[in-house]
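When the chains are written out, they are named A, B and C in that same order, and each has its own residue count from 1.
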Amino acid sequence: MGLSALIHSASLAGSQVRQDAAAEVNNFWRDPMKKNLIALAVLAAAGAASAQSSVTLYGRVDAGLVSAKAVDAAGVSLTQTKLDSNVLNNSLWGFKGTEDLGNGLKANFVLESGMSMDTGAQADTTKLFNRKATVGLSGNFGSVELGRNYTAYDTLRSATNNTGDTNMAVTGDVWKVGGDYNLRTDNSVRFDSANYSGFSGSVAYAFGENKNAADNLNNGATDTVSLHVKYANGPLLVGYAHQTEEQKRSVTVPSSTKYNLIAGSYDFGVVKLNAGYNKVSGSAARGDDTEYQVGVSAPFGATTVYFGYANGKNEIGAVETKRAGFDLAATYALSKRTTAYAGYKTYETKNTKIENTVYGVGVRHVF
Amino acid sequence: MGLSALIHSASLAGSQVRQDAAAEVNNFWRDPMKKNLIALAVLAAAGAASAQSSVTLYGRVDAGLVSAKAVDAAGVSLTQTKLDSNVLNNSLWGFKGTEDLGNGLKANFVLESGMSMDTGAQADTTKLFNRKATVGLSGNFGSVELGRNYTAYDTLRSATNNTGDTNMAVTGDVWKVGGDYNLRTDNSVRFDSANYSGFSGSVAYAFGENKNAADNLNNGATDTVSLHVKYANGPLLVGYAHQTEEQKRSVTVPSSTKYNLIAGSYDFGVVKLNAGYNKVSGSAARGDDTEYQVGVSAPFGATTVYFGYANGKNEIGAVETKRAGFDLAATYALSKRTTAYAGYKTYETKNTKIENTVYGVGVRHVF
Amino acid sequence: MGLSALIHSASLAGSQVRQDAAAEVNNFWRDPMKKNLIALAVLAAAGAASAQSSVTLYGRVDAGLVSAKAVDAAGVSLTQTKLDSNVLNNSLWGFKGTEDLGNGLKANFVLESGMSMDTGAQADTTKLFNRKATVGLSGNFGSVELGRNYTAYDTLRSATNNTGDTNMAVTGDVWKVGGDYNLRTDNSVRFDSANYSGFSGSVAYAFGENKNAADNLNNGATDTVSLHVKYANGPLLVGYAHQTEEQKRSVTVPSSTKYNLIAGSYDFGVVKLNAGYNKVSGSAARGDDTEYQVGVSAPFGATTVYFGYANGKNEIGAVETKRAGFDLAATYALSKRTTAYAGYKTYETKNTKIENTVYGVGVRHVF
């Protein structure tokens, strides 16, 4: 069987399943159609111009040596040397695929799972595909995704982090003085617009799905709304993002936490600058946060050097808690997919004198 | 290295592993032979007539918007709107493969895992490959599979469900008045016969494996036996299926639940009819069930419309519990692998007045 | 698009991601580069001599019928017949990949997960990739791996097991009289040397990572050190391996368990002989073990027959516990990847008269 015969066979696979279903056992509904990677590969090799589809196994593995020092409020210091996972980036593996439906429409899915390279454990023991589990459609209008997904707020925030979207960036440690936002939500519908001369936007809604018979009367389900708008053109990226996390809405004690972010970056070629300003307003118990961060990165051949600074303040009534820190990191591209790195970060909670310092060197490989 | 060289290299891979094992480290037993997908793809592209094998990564992702209303025995109604997984079909991913052993004999395996697209969670937190984990051989005689598997009873039941084998079919909700059967069992050996002029059959036995020293004396392990026989030819499918689920057999309190199903379908082309009749006999505490269902489906181009009705009755001595319901669904094939759908189902337990109604719209993509 | 165009496109994929990152959203850090299996397959088909990379989905599925008899110290016998997983070898699936970095340097990763074919459950519910999760580099110097890994001691031990590295080998049952070693460790750095005229070695260190503020003062973290050196040339393999498992080191109660193994094999062609001698020294509570094992295997065409004997003794002060047993197994290669097998093993703890006997037949398929 030559190439063209295989292509023909592959493109008929769907209808054959339908016909088989009519005979003997109607397993059309249960058994997924058996699209073979082999057939796919042959389709691609032949460069057929007709409808294509692909399934990709992909991932990222990151491990390194870390020295972490923590000083508690009593001034007691503990230093741990570790072989750690996720030193530069969180490790992950997943499947994703796209099917061309014609007329510019595509069906897409992503199943993405986090894991730790130091222990082999999955990142979230209760959710295999904790990072992303979506199915949706995309086209000229943009894309719609259903399932567990990143919030639209998170997308701008991670795109403008001061040390790349890495764990070496001190922003994530400093900004959560008053508590962290949910970067992903279950039960979500997310729309990302197309790019209109550099302008684009995204909005996501995650259903609470925890009504009970009593709540039914006062519409008391929790849910999360997020959105961002941004302008990205040439060296410039600037955007605004918002997220509201509802806590068990009720008539007597309404409570929600709202995040508002303005952030951007400008790439001068020699150096790239990042900056972000974040305001959080929460319940009386959680209080409000005011946060900012700046960063600069510069490429030197295969090496890129990063510096970041972040500052955060939480106010619960008259009680202020302040935190600040900075980081310094360098990556060296051994290839397009393999990177050696070294990094340092330190941050301190001003009032309590709690200090954290991390040194790390390691390797990250994407596949 | 050209195509033929790669094929040669691939077909030698096994013996090379054996030779390597003799030298340095004998890792023949531990390390699986490293059959590369690339080599496979090349084999297929070249259309080699010799022994072939394949490994397929496959799956199904289904998510949609659902409005579910439940009315309890006190007449209190709760309506929840959700972004749900598995609205039309359960989501899954898996690996499967076949190796041609020559003389018509094949080695086969399936590893299939269920997950929820709304949360990313695996369907059964205690069993990664909860849907199927089998290894076996097939040939002219049929096939034998060892491992966690569907029962032979389930195969006929799902093939004759009234709204395709979907979650929109009301049968699964209505028929379990007296309790549900196990559609899959651990520790099973299953034989499926070849097709003899339309006649075929299947039998499966699942070991109980829970003897203890005392039971050893009275042969007290639980186990499950299932079988089906069917005739499927052209538009007609008709069959009989049985399943016996032993509960901790002992001399003093023998207890088992027996399922007997007669079901079939006839495809007139314009419409297809399904029907099934199920009798369950259980212990004095569980009682007996009498159940039936009918369905009709009709294709209109890329659209298929389904209607199903199911009726079930449980009798524990003189106490009867009755349930009935119906469903209506439509699927629209965006492509051979991507389907948009809408569905409605409602069922009521007559005695208690408990009602459930579900509306759903969504998308299903198979890969 | 022809073959060469696709190759070009694949080799540019990395830099395209970088450029895309500068525009719109900087997702360089979060999203792994999307290396498609299709592109890979095409690269391989074209036989490009330039830098290559591969990702392999692989696995091993093993299931069989087992009759297991256990006699306890009171002489009570229990016989269980089961459909069991891992009768000859533990079942597993995984992803692994290699990227050529140029100059003989490669980036490598392995993610390997164990599972049971009888239930579909993952082998370790707390660790998805319980068997191996490593990322590292290899070259002329050998290889370095970071992550969860086999110990260097285990590598020699499993390479010299008396019935292949199988579960039919009685060694694993007999040698653990005084307690088992850890064949894998979290948080490890492992170096394997290159092969120098048959000589090679390996050393691994696993960080304890469980210091607390008090331990910080007395250096009290647990950790594991392992190493082996071996000479493997033609029919001969001989080596020495060591492993030290530290228990919560402290000033007051230092405690560690040390394993020392001398083992080897010689392949006469007609038969192959294996032998091993193991000394374990532990705490006063665990005591010391003295263990040995011998084995012989012989190929007859597609069939290989194995015989093994193992003997172990634990001494806690003056209290001796002795165990011994033997096994007999045969494998028949249905193909290079599919093996039918039958095996028998029996072992007895001399003092307590506890006996275990296992008969098994089954099939093992590697993919």
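Here is the rule we use: contacts are C-beta pairs under 8 Å (C-beta built on N, C-alpha and C of every residue); 3 or more make two chains touch, one makes a residue touch a chain.
Not measured: the values here are computed from a predicted model.
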> Between copies chain B and chain C, are the contact residues mostly the same numbers or mostly different, with half as the line?
Replying inline: different
> Which rotation angle, from 0 to 180°, best lines up the CA atoms of chain A with chain B, given as a multiple of 5?
Replying inline: 120
> From the C-alpha centre of chain B to that of chain C, how far is it in Å?
Replying inline: 34
> Going by the touch rule set out above, which residues of chain B reach two or more other chains?
Replying inline: 37, 41, 45, 55, 57, 113, 128
> Residues of chain B touching chain A in their complex?
Replying inline: 37, 40-41, 43-45, 47, 54-65, 72, 76-85, 89, 92-93, 96, 113, 115-122, 125, 128, 155, 158-161, 164-166, 195, 200, 230, 232-235, 237, 265, 267, 334-338, 362-367
>> Applying the document's contact rule, which stretches of chain B touch chain C when the two form their complex?
In response: 1-3, 5-6, 13-15, 17, 22-30, 32-39, 41-42, 45, 51, 53, 55, 57, 95, 97, 99, 101-102, 105, 107, 109, 111, 113, 126-137, 146-148, 186-189, 206-207, 209, 211-213, 216, 221
